[in-house]
Every structure is written in C-alpha cells, then in structure tokens.
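Naming follows writing order (A, B, C and D), and every chain is counted from residue 1.
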Amino acid sequence: MKRNSWKEYQKQIADDRYYYARSCIRQNFFPGSEKAFIDILQNDLGRDLLDDPKHSSCTGIGYHSDIVPLETIMTVVARQFALMTEAGYENFVASCITSFGVYSEILATWEEFPETEERTRENLLKATGREFRKPASLAHTSDVMFHFREEIARKAKHKLVNALTGEPLHVVEHIGCHYAKIFPKSGIGGSEFPYVLAGMIESWGGQCVDYPERRHCCGFGFRNYLVQANRGYSIANSHKKLESMAPYKPDFIVANCPGCAMFLDKWQYAIAEMEGTTYGENGHGIPVLTYEEMAGLVLGYDPWVLGMQMHQVDVEPLLDKMGIDYDPAAKYLGRNGKYIGKPASAVVNGCPPDTLYDMRE
Amino acid sequence: MAKYFDMLMEDVRFREGLNSCMNCGVCTGVCPAAEFYNYDPRQIVSIVQTRDEEAIERLLKGDTIWYCGECMSCRPRCPRGNTPGYVIQALRTLSQKLGFFAESEKGRQQLALKRIIGDNILRTGYCIVPRLVKPDLHPEQGTVWKWIFDHDKDIFPQFTPVYMRHGAGALRRLDEESLGEIDRIFEVSGGKAMFESIERHSDRKARELGYEEGADQRYMMDVFLNNSNEHY
Amino acid sequence: MKKVIIIGGGAAGMQTALRLAERGIEALILEKEAEAGGKLRGWHALFPTFTPAEEVLTELRRRIEEKKIEIRTRSEVRSLTPKSVTLADGQRLDCDAVVLASGFTLFDAAIKEEYGYGLYDNVFTSADIERMLNEGRVARADGSAPRRIALLHCVGSRDEKVCQQHCSRVCCITGVKQAMELKQRFPEADIFNFYMDIRMFGPGYEEMYREAQQKCNVHFVRGRISEAAPTLDGRIQIKAEDTLTGRPLRMSVDMLILLVGMRANDDSAALAESAGLQRSPSGFMAPRDHFLHNVESNVEGIFYAGTVTAPKNIGETLNEAIAAADAAADYLNE
Amino acid sequence: MASINFGYTISKPRAIDVDRNNLRRSDEILHEMPELQTCIGCGSCTAVCTAGNLTEFNFRRVHTLVRRGEYQGAYEEMNKCMLCGKCRLVCPRGINTRGVVMLIKHKLGDL
C-alpha cells in the first residue's frame, strides 16, 4: 500500500538491555508468542532482556474499564519503573498496546501536570518504600521487532511469499488503537499510516493491504467485551472490519495488540457460528497472527512451538502456502507428547467437522 | 455555583480533554460506539462545555457515558485538540464517586467489572488469568479455548516453566510481597475507595430494585447478562 | 522621482504599482516566479460572477505595460528595510518605501494524512479542480466521469492539528462555486459539500449559495469529514457525522475535493525578522492596527497590500492595493 | 445456525449509509419542492415547533434524514406535526415547511 509520511514519525528504539513488562492478554491467549519474543531477542538476536518476577500488570484493562483510578494506575506504573530502576535497566518495553498507551499517557501527564508525578512518588514511597527513575526509552515489543526487522530478514528461513506462485502474501495489518492514536508521535509511522507492522511485512517479503476500515477499532472496547450484555458492540466492530477486508482476499491478518489478535480470531468463530459467514478461502476463516508468530515463522520456528494451535482459526492453510514443514498430528498434543484430545470442530474451520490435520493423516 | 463542572475540572484528563468544541463531528464520524449505540461524543463535549449542571447530572446518571469503548480514535482528529474519550473517563470517574452510576443500566455494570477485573488484580496482580475466562461465560472464546481451559495444565507449561507457580515467566503466580505492595498501592491511591464506592452504591441500588440480599451474586450476574436493548 | 519597491507581482502588487503610477511615483515590482500574476494564474473562474481569472489578469497586465511599469521576475527577496530590498543573490536595491504584497501559500493537503491526498487516486484539491477546469477536462483518475462528488471545507483552516487556526474565508464560496461548475459539467452527479459553518461574507455570495442549493440541488451536510479511505473499485469511502441528525454518515464517492486554505508564506518569518515586522499568531503579517492603519506595518515606510496580512478575496485585495499605494504615496509626499 | 446461545447478537450499524440508501424518494421530494434544499439548518422551525415542545418531534432532523434517504419512521414522525404553521413564519429561507410536512407524508405514507 502507498504511504509516504511514515518516515516523519520516527522514535528512538533502544538496541539492547530491555526491561520487559508482561501483558495480561498476551500471556493468557498467546503464551507462545511471548516466549517467542523473548527467545528471538535473547537467542536469535543475542540481546539482553530482563523478565523480572516481581513486576505486575499495568492494570490498564481495569483503568479503561474505569474501576482503577488514574492515581492508582500511575502508582502501579511507578512501581514497574522502580523495579526497572532497581534492576539497573532504563529501556522499558511493554508487550501490550494498552499498556504502551498507558505508559505513554502517564509519562506525558507527569510532564504536563508535574503535581501528579509528585503525588505518585509520595504514594509509591508510602505503599512500597520504593523510588523510581523514568525510563530513558519506552517502546512496545513490536517497535523492538521492527527495529531488528532487517537483521531478522537476513536470518530468514521463510519469506512472506506464496511458495507455489512466488507471489507476496497479502497481509492485513491491524495496529491497535492505543499504539498511536493517543500519541501519534509515539508510534512508528504515526496514527494514520503506522509502519511498525508494515515495515516487518515488507522487509519479510509480504505486501500490506489497505482497506476502508483499516484504522477501525477491533471492538474490544473494554467494558464492551468484558460485560456479556455489551458484547454485541464488540463483535459488531470486528464484523465491520472483516466485511471490509474480505474482498481484498488477505492471506492472513497480523495484529499489533494481544487483544486485537484474540478478538479478530475469536469473533470469526462467533460470526461463523451465528451466521455461517466465513471470510477466508474455501469456507475457512482468515488466520490471525501475532507479529511474534509472524517473526517466528520467518525465522523457522515450529508453529506448534509458537503456540499457533491455540488459535481458533486454523493456521494450516497459511503454513501450506508458505511451504512451512510441520507435523499435523502433533498440533493438539499436550506436554511431553501426551494425547489430550482435540477441540470440537467449528464452522470457521470449514464444516463438515473434523479438522484439517485428520484428513491429512 | 458550578458544582459538577468544578469536580470534573479536578480531573487532569478533563482539563486535558476539554478545550472548546465547535461541533464539527469529526469525533463522532469515526467513533465505534456512535456506530452501534445511540451515542454521540460530540454532544457529550458540547453539553459539558455549556456547564449546565442539570445536563451534566443527567449525563452522570444516564446510560450515555457508558457506551464509549475508550479506543481514543477521537483524539488524533479533533481540530480543537479536545479528547472526548478523556472527558468520558472523567465523567465515569465522577459518576462512580457520587454513586450516580447505579442509576443507569450500563452504569450498574461497573459492579461486574469491579468484581471480575478489580478483585482479580488484587488477587493475582493481573487483570485476567486463564481460569477467569470460563467457557460458559465466554462462549465466543470457541472450541479451542474450551479445549485449552479443560487441559490448561498440559498446555500452558509447554510455553512457561512456572504456570501458576512462583518465578519468572508467563502465567506465574506473583509473589506475596509484590501482591502486598499492589494491595497497599490500591489502599493509598484511592483504588480501594473506588471499589468500596462501587460496592456500596450497588448494594443500595440492588435493595432499591428489590434484591433483598443486596448486591449479591444474583444481582451481579443480572447486571452482567441483562440487556434491555434500549441503547440503539 | 521617488521610488517604491513592491514585493510580489500578483493582483495586489500590480494594482499597487498602477495606483502609484497614477500618483506620479515610480514603482518596481519584484516577482519570485518566472512570470507575474500570482495565484490568479492557473485559477479558472472567479466567484460570484464566474468571471474568467484570465480576463482580470490580462487587463492588469495590459495596464502595467501601458504604464511601462517594470516587473523584475525570478527575483526572490531575502531581506528588506524601508529604504532597501536585498535579493537572494545578494543584490541590493535602494528605494524610498516598500510595499509587501507577497500574498499567501496554499495549504499542502498531504499534511492532513487522513484524507490520503497524494496517496489515493481521486482525492483532489480545489486548486487541482481549477487547473482541470482550465484544461477543459475534469475527470477521475481513470478518465471516467464522476457520479458522486464530495467537497470538504476547511482543509488546512480552523484546524489546530496543522497549526492553522484561522479561517481562510474564501474556501466556502470556492466550494459553492466549484460545486456549481461540476454540476454543470455532470448534471447527473450527486454533489455533497461537507461544512462546519458556511461563511458567505461577500456581495452575492449568499445568493450563490442559495442558487447552488435550490437550482443545482447541491447537498450540504453539516459535518467535517473524519477520514477518507480507498475502496476496491478505486473510489473513496468517507466518514463524517451528519451533525444535524446526530448520526454518523458514510458514503463512497468518485471524487473527493479538498478545499485547501490559505497559510502564511514560509519566508514571512525571515522577512519579518529582517525588517522588524510584527506577525499575527496565524503567521501572516500584522498591520499596525485593523482599522485606521490596516495597510501600514509597524515599521515606518513599509506597507502591506493583499493576502500578506490575512486571507482575502480578489476584490478586497485590489481595493487594499489602492489603499496601500495611497498610504505609501502620502508617506513619501510628507 | 446459532445452535450456541451466545447471549447477544451482532449490533446493527446506525450510521447513515448513503451507498445503501435509495435516494429516489428523496429526489422526488426535492424535485417537487426544491426550496427544501435551501435549508441552512438554523433550527428556527424546531425552536418554535408546537409539537416539538410537547413531544420528541424534531422537524429539522426528520426532513434532513429524509433528504439522506433515511425514510424509516419519517411518516410516523411527521404525523406528530400539528400543522400550526409557526415554522413557516420563522424560516429565514422562506421554506413552505408546512408543505414539506404534507409532501413527506404523501410520499412516504405508503412505506
């Protein structure tokens, strides 16, 4: 897709020594992605990243559900910074878009309303006896992946191209609202044409798809998903995006935000069950990847090691397209190869039941 | 006497989010909530900037302020540098402080959010943990999640060495000391007070609505599940 | 014989020179472009009478030649004082007074990224449309005729996000004019003007607005377009709020036309700096006052004509040029 | 489908979708009364509206929606009008607003 302004939105991304902040949704639904990020950084790229057992959630989901007051989340964030300071790190990386937005917002608020920073320091000292320095750099994990995209491209085992036709794969990139809509200058490429995922996709051989609802929210909307009575809103927004992107026949969706990745995957299931509608090829859903999974596949990681069996929408059609070698039978095995049964079949994976890998067996 | 407006002005998000609105509608044009609810962020900003106390009270007690999904799509576009999303956050915070949230169907849902997300933060140090996403309350999570939920101890440990145990890694159990710190943070910074306000006013309203036991599990499940469908 | 240097060879500069000549004062026009005429060049027809811009320009040029007034083209000014002007090449020209008539710069629509100008086919600016009208061929990128057209007011005006908080005034009437011209060429097309306020400040403007509504059936939607995105069939999907109904509105159009505003020239800061001139927050030059000395600068011997001080239409510009010339002449005759 | 009870359904968009709307009736109305198109949205009609002061009826909103091709419920709304004609007296563009009410009811009555 055409964009010409992304170079005007650049930011300093630290090259090493990261203090890692874990994401609630990422670890729940994509633990393999989280592991992949850490492994890629530490093993493939030889960088230093600290996973501090003492750190916690930023409580951002509570904050944006309005049950956690601003002063409280500021103090929780201050505690994270204090732990970073004590560990001797200064490059903070959050693995969640909402967290990244929260950290950006709080740092900006402290700048503009210094009294709030003072109050936070008092609260933190009172509650924990800790003190903190602000991070020298704040980045989202995808920023770091973007930073190393060329290095990853050089180590690539697979490209984002159709192994049969040699054509670049068509990729829908979904950014996640809080990445750059709150502070356009805090995101690579700004809020209108974010380049953080597009940069990876293009460096790794794929092609981005621009479609009318590209910038639209996935529909999480915090209270709008978390409370069942409101979920009609949440699914309707994903529905709107999927309807808008389907005519472009994307080979897969890659999401910047853990929540978006989960919703774009799960809502395809719900829509298929409710209406029988699927948006991918021959009656299947569109595979939804996290950027860690995308990087992992490019670097030759096994899809089941990446945890892609935890997706509701089968990823096999994409793996086959990319010519990735995987063991269909191993997909749903538990730890140590233990047989633990399989998920029930679903319309989104192409009725009639029983899933792709059985047919291959 | 501008009571509510002054209280709102104490919230930095309100001061940051409200300059002056010229009613261009750019915010509503891209608002996901405006698309699916009878909702118009422009009108919210327009109302608060009139400083009409009665109108603001109607907002604080009504459903309208609870439709926003806080995606902040409105923020980068406003030609007057307003942030309707911040104004909403300030209104919601005040509505909960004053107990007005309990007067509307959507507002009452704050109890469910407090009990699900809020209590879980204090219990685990995270907003969400796998055991919280029960398939029967989350049918949309699908067949694969059901399978994961039923076999969590065989699945998650493939990706983390410390599933529900102390240590470093995903889905670990946070150490007691850290949990204690988080608890004290909520104590000193008003988090607990907010939770308490939500519980107290929900209980009052529950009894008012004829739940003899007050804001018990039955009341909570009702606010969690029921939709009058009068919001579109 | 006293000599005045006029910076800018557009409508304001030429009219100032003509008036000075009448007052027996020598005028030298410095034009940075290869040709005089300023923004009138490349403009098609002028509101509210649809008078060809070329007609006005030709007549001004004829009078300039008749009065044998010198226009020095390709002459960019680096700095000025009341008694001299220094060109970019270092050459210094002495004079007895200076009239600054350097006009304005059109807002670059690409800065409003959310409208995709320069990225998406079929997103145009009002200036593009004037050019097409001059070329006698208005069409979509693929050459086909539009069936639905949207014109967006206030692009680069009344917008803090792009540091243009002022109103450019003439875009509203330009939008009405172009809507009518397009309707005339494409009678079957539906035309929608998206506006926040319709500012019909000139003689005959309101009447023209009404005619566009009643005779040409141009739709006016009160709402600023939030974003534009490409569709699979090469059209543009736009989103806005129809604020009079309080509901979001979406449609796809064959052409999206951005009515770009007027902004201060990039070199206005440097010029002001060099001569100690005051500028208003909008970046335009600030007259000594807005009532009794609105063509005089805060520096004795330096005068203003036309849009160098604020957005204006051609008529106002031509009148102001006469006032500026008279003020300069009176100053020299003191 | 829907063997599973999700407890909610996909919300329907309420945006005015001009691509989806059929503007034929709206065009007919504007063809018969081009003056309606000269509305400048000042709201005088709604401000003085007798029915509007007693009910939720908003004349400006209804006829604007009709001009966008949103006919649903317009007839019922227009029936709230008491045809007192005050709006016609105040309209700065001299629109025969009362006639607009009659025309919209006539055109959309059979919906």
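The rule we apply is simple: contacts are C-beta pairs under 8 Å (C-beta built on N, C-alpha and C of every residue); 3 or more make two chains touch, one makes a residue touch a chain.
Here the structure is a predicted model, which means the values were calculated and not measured.
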- If you tally the C-beta contacts, which comes out ahead, B-D or C-D? C-D
- Could you tell me the distance, in whole angstrom, between the mean C-alpha positions of subunit B and subunit D? 36
- Separation of mean Cα positions, subunit D and subunit C [Å, integer]: 38
- Query: What whole-Å value do you get for the distance between subunit A and subunit B if each is reduced to the mean of its CA atoms?
  - Reply: 22
- Query: Any idea how many Å lie between the Cα centroids of subunit A and subunit C?
  - Reply: 46
- Check each residue of subunit C and list the ones that touch at least two other chains. 114, 222, 227, 239, 242, 246-249
- Residue numbers in subunit A touching two or more further chains are 192, 215, 228-233, 235-236, 240, 270
- At least two other chains touched by the same residue of subunit B: list those residues. 30, 34-37, 76, 139-140, 225, 227
- Query: Think of each chain as a node with edges to the chains it touches; is that a line, ring, star, complete or other?
  - Reply: complete
- Message: Which stretch or stretches of subunit D touch subunit B in the complex?
- Response: 4-8, 11-15
- Task: Using the touch rule from the top, collect the residues of subunit B that touch subunit A in their complex.
- Result: 11-13, 15-16, 30, 32-33, 35-37, 66-73, 75-76, 89, 92-93, 96, 106, 109-110, 112-114, 116-118, 121, 125-130, 133, 137, 139-148, 151, 154-160, 166-172, 174-175, 177-178, 181-182, 184-191, 194-195, 198, 223-227
- Message: Using the touch definition from the top, list the residues of subunit B that touch subunit C in their complex.
- Response: 22-31, 34-35, 40, 42-43, 76-81
- Item | subunit D - residues contacting subunit C, complex | 14-19, 23, 30, 34-35, 37-41, 60-61, 64-65, 67-68, 70, 93
- Message: Going by the contact rule set out above, which residues of subunit C touch subunit A in the complex?
- Response: 110, 113-114, 118-120, 227, 229-232, 237
